[in-house]
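Take a look at the structures below.
Two complexes come next, and they have one chain in common, chain A, joined by chain B in the first and chain C in the second.
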Partner chain A sequence: MAESPLDVLLKGNSGRTTRGLLRIIILATIAAAAVSSRLFSVIRFESIIHEFDPWFNFRATKYLVQHGFESFWDWFDDRTWHPLGRVTGGTLYPGLMVTSGVIYHILRFLTIPVDIRNICVLLAPGFSGLTALAMYFLTCEMATSPSAGLLAAAFMGIVPGYISRSVAGSYDNEAIAIFLLVFTFFLWIKAVKNGSIMWGALAALFYGYMVSAWGGYVFITNLIPLHVFVLLCMGRYSSRIYISYTTWYALGTLASMQIPFVGFLPIRNSDHMSALGVFGLIQLVAFADFVRGFIPGKHFQRLLTTMIIVVFGVAFVGLVVLTVSGVIAPWSGRFYSLWDTGYAKIHIPIIASVSEHQPTAWPAFFFDLNFLIWLFPAGVYMCFRDLKDEHVFVIIYSVLASYFAGVMVRLMLTLTPIVCVAAALALSTILDTYVFATNGPNPRAKVNEDTSSEGLRSARKPDVGITSYLSKAVMTSSVVVYLLLFVAHCTWVTSNAYSSPSVVLASRMPDGSQHIIDDYREAYYWLRQNTAHNAKIMSWWDYGYQIGGMADRPTLVDNNTWNNTHIATVGKAMSSREEVSYPILRQHDVDYVLVVFGGLLGYSGDDINKFLWMVRIAEGIWPDEVKERDFFTARGEYRVDDEATPTMRNSLMYKMSYHNFNALFQPGQAVDRVRGSRLPAESPQLSTLEEAFTSENWIIRIYKVKDLDNLGRDHNTAVAFDKGNKRKRATKRKGPRVLRTE
Partner chain B sequence: MKLFNLLVSILCIIPNAFCTVADSNKFERYRSLSRSAPIELTDSSYEEITSKPRDYHVAVLLTAADARYGCILCREFQPEWELIARSWNKGSKPDGLQMLFATLDFSDGKGTFQKLMLQTAPVLLVFPPTVGPFAKVDDTPLRFDFSGPISADQLYTWIKRHLPEGPKPPLVRPINYMRLVSVVTILMGAVTLFTVLSPYVLPIVRNRNMWAAFSLIAILLFTSGHMFNHIRKVPYVAGDGRGGISYFAGGFSNQFGMETQIVAAIYAVLSFATIALAMKVPRIADNKAQQVAVIIWGSVLLGMYSFLLNVFKTKNGGYPFFLPPF
Partner chain C sequence: MAPKRTPATASTSPSNTSTSTGPIPAPSAPTMPSASSSSNSASLSSGPKTLTTNSSVYDIAQTVWQQYVGTTPQRTLLLDAFMAFLVLVGGVQFVYCVLAGNYPFNAFLSGFCAAVGQFVLTASLRMQTSGSTSSYSTSSTVSGAKGKGKKGTTGAVADGEGEKGVVSHERAFADYVFGSLILHFFCINFIN
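Moving on, here comes the complex of A and B:
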């Protein structure tokens, strides 16, 4: 065979450098693709923080940058949860804010003037590039073929399941947490493979970082012990596992306890008990292993049996006693709802009300993962071929994460990395088999030929490779088609589903041009410009962070939802009659009430649609005063039109939403476009509130709470007087008219 | 004549006297009917037990537990209701607080159901006393509508809330000794069986193919939305309104039981084709057979994937992508 110039490049020593260079270029390209596919929203709208939680993170970051780390740590925020306030420094995961703060200061140090907002907006895309890199490392540990790592990195870069949480502007904990998750797992696999303290300590370090960044760290806390436990059950105990696990557990637990929000949870909360239990177990196994070297077989067997029984008995009794006596906290609600899915619905309406805690229907899986979803089982199957320690990890992770993703939509995020790994393993096997140009078996694929009876049934015969060019052409071209389709799908999903800031809405005009609906910011800026700096705004908790971030006004409740009673108070005020609500508003110093109303535009995420949750949450605290049943008609329908129940029509929320709404229409023609129903001809009358502001498309309506009447009348009579109505007393007297004869 | 008058007046008094005596004993009489379980009522006894004056609370569950009415909620709730009644009747109550638990089944009390204009069952009515220390001025019964499956604890909290202040007997769920014993027996049996059979069982437990099959089935179940079915209790299939069956639910976040099974099967076929192409085909020694296998599996892959995209397109109207065959 004549040496072509290509062979010179690809063979021998220079071949290795060429391949290394190519790999770096490919990875850089993947990172660039990952970053750029997340910029849709910035290009279409502007560099803006999205949704709800990011606004709080943004506000906290600004506080950190302004006041420094020390005061951030001790931050008591009196502008939320009025009048309670919130110990913000001790009740958040600071990883995200600190990361952007550090980046900000580094850029400042390099004399690059950049706004903190732009750092926050672009943090998630930036970290997605790093995630792709971490994915490459992780997958390379799993596969002999180098193409698997590159494929996994490419998948991870553009898969919608990850993009959904990391587009530009979605400045949330997950933005950096997924990178940390993948990288911690990579370090852990490295530690298990090498049995080295260094890798174990690095894994612990990144685990600590992860704990500081996201509550989902519990997933790592349970997955790594499970991996070790399964390895022990498979009889694969080795000093490598002992070294890596003990290092990781000891250092990682200490690191995680440095976060004030986590504190002593790692040794008290049941979520973390499996890690502690496996830590104890591995000590015992190590001890048994050590003793075995000194004692003859038969004695050892007996010793082992007694030891196992005694230890399990003591541990079980201890666990029961500690749980009953309350030293160990019970399972936290959010985590518990993963196991018993009916639990949240009954006991914690606030969890059930969050759409992120809903189960996942199958289209969501396909939407977020496309063809990876069917490559995924194939990849897991291939892990059974070699079944080394790291493959066991992939299998456990896959099964567990599939379950969690099925139970809760938002946990799709934790499933995505392992799907990318497994799918890359499967696809790279196919590519290595079919793309290889010469005939005969692929020399690189033949590393682990295991023909023993223990292997998989499909891998028993020797590999002879693909012989015909037609087969190769068919498979290669179809795989290329699937890959192209995948890219198209990801781009389409990202651009259509995940790139809307939800603060700014976009709609199409009849002629196809884009029309921006900017009601939220309009209203928040109105608050910022026209109200006193300390005016308290009451709204449903969804908008608390946005009001704090954009309008800079104190709120009663926000998305932190730490105090259910306080939220229920707001729910009660919204769902009661004015006579009941007004004292509540006065007691909480409320100056303005903000409601979101989509009836004019057909915006379905408005407060009337969320109203039942307010009612339910309020009913949880005041079952006698607020009843969900009263908001349904006799036939069990939730209506807003003429047939709405009196409770519904007298509730503050209903009145605020539809106040003066029919003035926009011909008499009797007012239509709510969300509910698709015709409204009563008369507008609801408000006496204790007055309309202060309504945004362009009526999405946000703000009402001012009236002060007490100057003449000491109640508001009803005052309003009636202003309207020129006669006093009520005159009309009230009913009975037969009597002719007065005097 | 006078004698006659006297006789008449005596005759008139007797039933009256008898009635008042019976009234003060009404509680004891009904109480003695059933010491722990709820009292079974009929139309007439319902009238009597709820008639004024009454010096006790009475909670009546209007239900339709008979199988022919097909009220699953009623049947499911029946043991819970008995649990509440038993806990109350056996527990220690504050002095003077008298309460009766009763059940009126639709088959015994059609008249009452009509009179109350009840369209649904079960319904719980709690009548406050009209005389005695806990009497309420407003003697209209409190009504509890069942909006879905409910546990005894929830209903009992509701009842307790509407009773006067004071300690109430706690809800006691009897320990199911039968179940405890059977669990222990089964557990011990399993351990024994495992010890005896371990030479035969261990190879199976250690069999890689079996574990692979387990993991794959679990993954396929979960990723095809099985947990959604489990939590939301979706129907298995539904009619399409024209007498046929619609296998696929409309809408992106909706699905039927059968639909998920179809999807799981599609995923399984696709995965299996991938595995075959990646692992089995390169091990076929014969050139011709290999060629044919590649083409068969390749077209299965293409056809199935195209079908999957087609199904997805029906769920998600605006989806623009497709593959040729479908």
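Moving on, here comes the complex of A and C:
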């Protein structure tokens, strides 16, 4: 009877409180684990904002904190998209910045002085703890056993598919959006179950918050109507559904229209039309249901037929008129690319050029979800077994999200929550079956039952539990092994794959010690300290946000790709000959041009590898002047060595990348380590630009655009003249560039 | 307005407002006697006019209307009148928008959304309250049919109104006020 004190603790009234306390402790531990596993990047590197988009969010947050909410709302940013500027306040999702601004002011109010940067860095881990909590609530609505909720919370806390977007420092919209997504779904399920206005209104409020935080809100906008529609088709109309859906839609649509960036989209854009359609449909169904209360079936059917014909006729005419007159906007391009994966590549190269928008490779599913991915179908099957309204939701969600996750890498993020729910349902069923069926209080109760009642009862209720201790032990221990493997996998993935800031690179020295490559910040701080405050920097759009955030200099294009023509202009300047590019640079007031070059270090994400996208985007606007075919050799290869095409070798990008690169090597030995090819013997000659800065490992090279020549010559002749002079001064020049290494 | 409502939608006159706002759903009262089973129909159609199998659509609508007036309690009628008024308000705004142009589009949208949202919330309130009120008020008249009817309508829905859907009147009204407050806050914020 060693268990007896434990039994006292776990049974009856005190047992309930004990279990409640245990649950709270477990949830707190899960949240702590979720937060701490995301701190690898801070420990490995430092407290720094990661990647590209977060730099813009960080900059916007700083602006919000400095200038207050009012001016943030009306912020016109003249330091991006140089000649045009950007109406930043009206073209961003403010939820993230406002959240961290509020946290900042609360902490200041509590007299805890904390840097806004640290709030931004730690916001994503903090919200991941809340996500785990929301996940617990959501799963508890699905399953009777509380272990499913706890398992789901634990999975959500450490699953790599979610960690990939929420490590410390990745200060992006998804950081808070996933929490809002899960919590909105929880409130929605609660509303459907209870049929109360309050839950529906709360769901609408959190939906509004979600709209303010992430463009992915469209997923909710379409998923909830689909859920309602499927329920209606299953003949499950009830007043609960009417109340929750109409409340959610009426309030949620109004809430979403408060965000200036969304504006009138909910009534204009076709992405939102399904919600409106289902709203109308549910009104009809409710009315029909109401009328059915008064008259017998046969007459009701006649009435119904008349009604249906009238309504559909009017609705069809209305739709045609609206579409023809252009009130309803056609579907957006990103939407098309969800259905036809080849669409973006043909029509909108700017969408296809983002690596996040590529289709998912199949190992990524296992990499991001590990053993959850094969528990996932089992969990969906469990939902089919007791098909309540909320289980229908899980099924629809899983089907939709699996499809979308296959289409776009970044949508793996929306699949992750439902995988956690389904896997937790499956695993908790397995565990309950094997652990509790005979082990816990059940067998004793059964024994009592059998002894007290006659044999009939035991015959009526056959013993289906698992009695063998061997099978229980095998099953339980294998589940434990899988869970341990999962934890190990998650930790490994998080620390190795997802914790790199990509602003700071890490490599290993031959002796195994870590070597930090910090070229980005070196170059950006060079810009910050050595150039005029209003010097315009031209670079490919990937680096726009970083230049704005770290170097604080105006840029021509950045990651908010709102103006395709402007980006194509930059692409054209990069891919044309100097004689063509120079006027473009002059027209746009460009002072410096920044390129990323990985040839020395073998850093594959450099501009030469992205160059074809620049060409394609430029070709989309100027098909006569820039041709992608000219950059391939006759055999269709993309080369940078001796066999590179003349167009390629004369392009500004090529010249800037390989300018003076030969000087590092023995004559004729220059090798590009990314492309793995030997370069031409003589360095490309630049006449309209001059090298201003090259970072330690040559990752970033900055060129200054020369002013017009004093004597009115064109730059080519001026350079030729200088060359003639140069012999005398050659001794004064510094020796050939050498690779600085510590 | 209310008397015209039901026949107007049922008979085939195409009305503009009914499609845009959703046609005036006076939502179902779950405990209203369901006529899905033919056994109930005899007791239900004991109104002034008895329906034959091939009576016209108009006749059916008439019967529905008479049934409605006869069985609905006073408080619910009040709610219905309010809903009809909201439909009227929404319809007038929509017609104005179509005829006179949508220049202050924010203002139009928030006004229209306020009408629609308030309508929907009221309909929800009606569903939540009329269910139990009618169970008191109409229990004397159709108490026999009620039990069967309830089973017929909601029995298919696994755990329908039975345990969870029933909300006390005070709770329903508090929810209603909560929803309306949020709704009008957003509208005022949006109206510019």
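The definition used in the following text is that the second predicted complex is superposed on the first by the 692 of 742 C-alpha atoms of A that agree within 3 Å, B and C clash if a C-alpha of one lies under 4 Å from a C-alpha of the other, contacts with A are read in each partner's own complex, and residues count from 1 in each chain.
Assume a residue touches a chain if its C-beta (ideal position, glycine included) is under 8 Å from a C-beta of that chain, and two chains touch if they have at least 3 such contacts.
If you're wondering where the values come from, they're calculated on a predicted model, not measured in any experiment.
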item: Overlay on chain A: chain C relative to chain B, clash or fit; value: fit
item: Partner chain in contact with A:21 - chain B first, chain C second, else both or neither; value: neither
item: First (chain B), second (chain C), both or neither touched by A:629; value: first
item: Which superposed partner A:200 touches (first chain B, second chain C, both, neither); value: second
item: First, second, both or neither for A:264, with chain B first and chain C second; value: second
item: Touching partner for A:708 - first (chain B), second (chain C), both, neither; value: neither
item: First, second, both or neither for A:32, with chain B first and chain C second; value: neither
item: Chain B versus chain C - smallest C-alpha distance in the overlay, whole Å; value: 13
item: Shared contact residues on chain A - chain B and chain C; value: none
item: Residues on chain C engaged by chain A in the complex (per definition of touch); value: 6, 9-12, 14, 18-30, 32-36, 38, 40-41, 44-45, 51, 53, 55, 57, 60-61, 63-64, 67-68, 105, 109-110, 113, 116-117, 120-121, 123-125, 127-128, 131, 154, 156-161, 164-165, 167, 171-172, 174-176, 178-179, 182-183, 186-187, 189-190
item: Partner chain C, residues of chain A touching it in the complex; value: 193-198, 200-201, 204-205, 235-236, 238-240, 242-243, 246-247, 249-251, 253-255, 257-258, 264, 267, 279-280, 282-284, 286-287, 289-300, 302-303, 306-307, 309-311, 313-315, 318, 388
item: Chain B residues within the chain A interface of the complex; value: 145, 147, 151, 154, 158, 161, 208-209, 211-212, 215-216, 218-220, 222-228, 230-232, 252-255, 259-260, 263, 266-268, 270-272, 274-285, 287, 290-291, 294-295, 298, 301-302, 305, 308, 312, 315-316, 318, 320-321, 323
item: Chain B-facing residues of chain A, complex; value: 341-342, 346, 359-367, 371, 373-378, 380-382, 384-385, 387, 395, 398-399, 402-403, 405-407, 426, 429-430, 433-434, 441, 454-459, 461-468, 470-471, 474-475, 478, 481-482, 485, 488-489, 492, 496, 623-624, 628-629
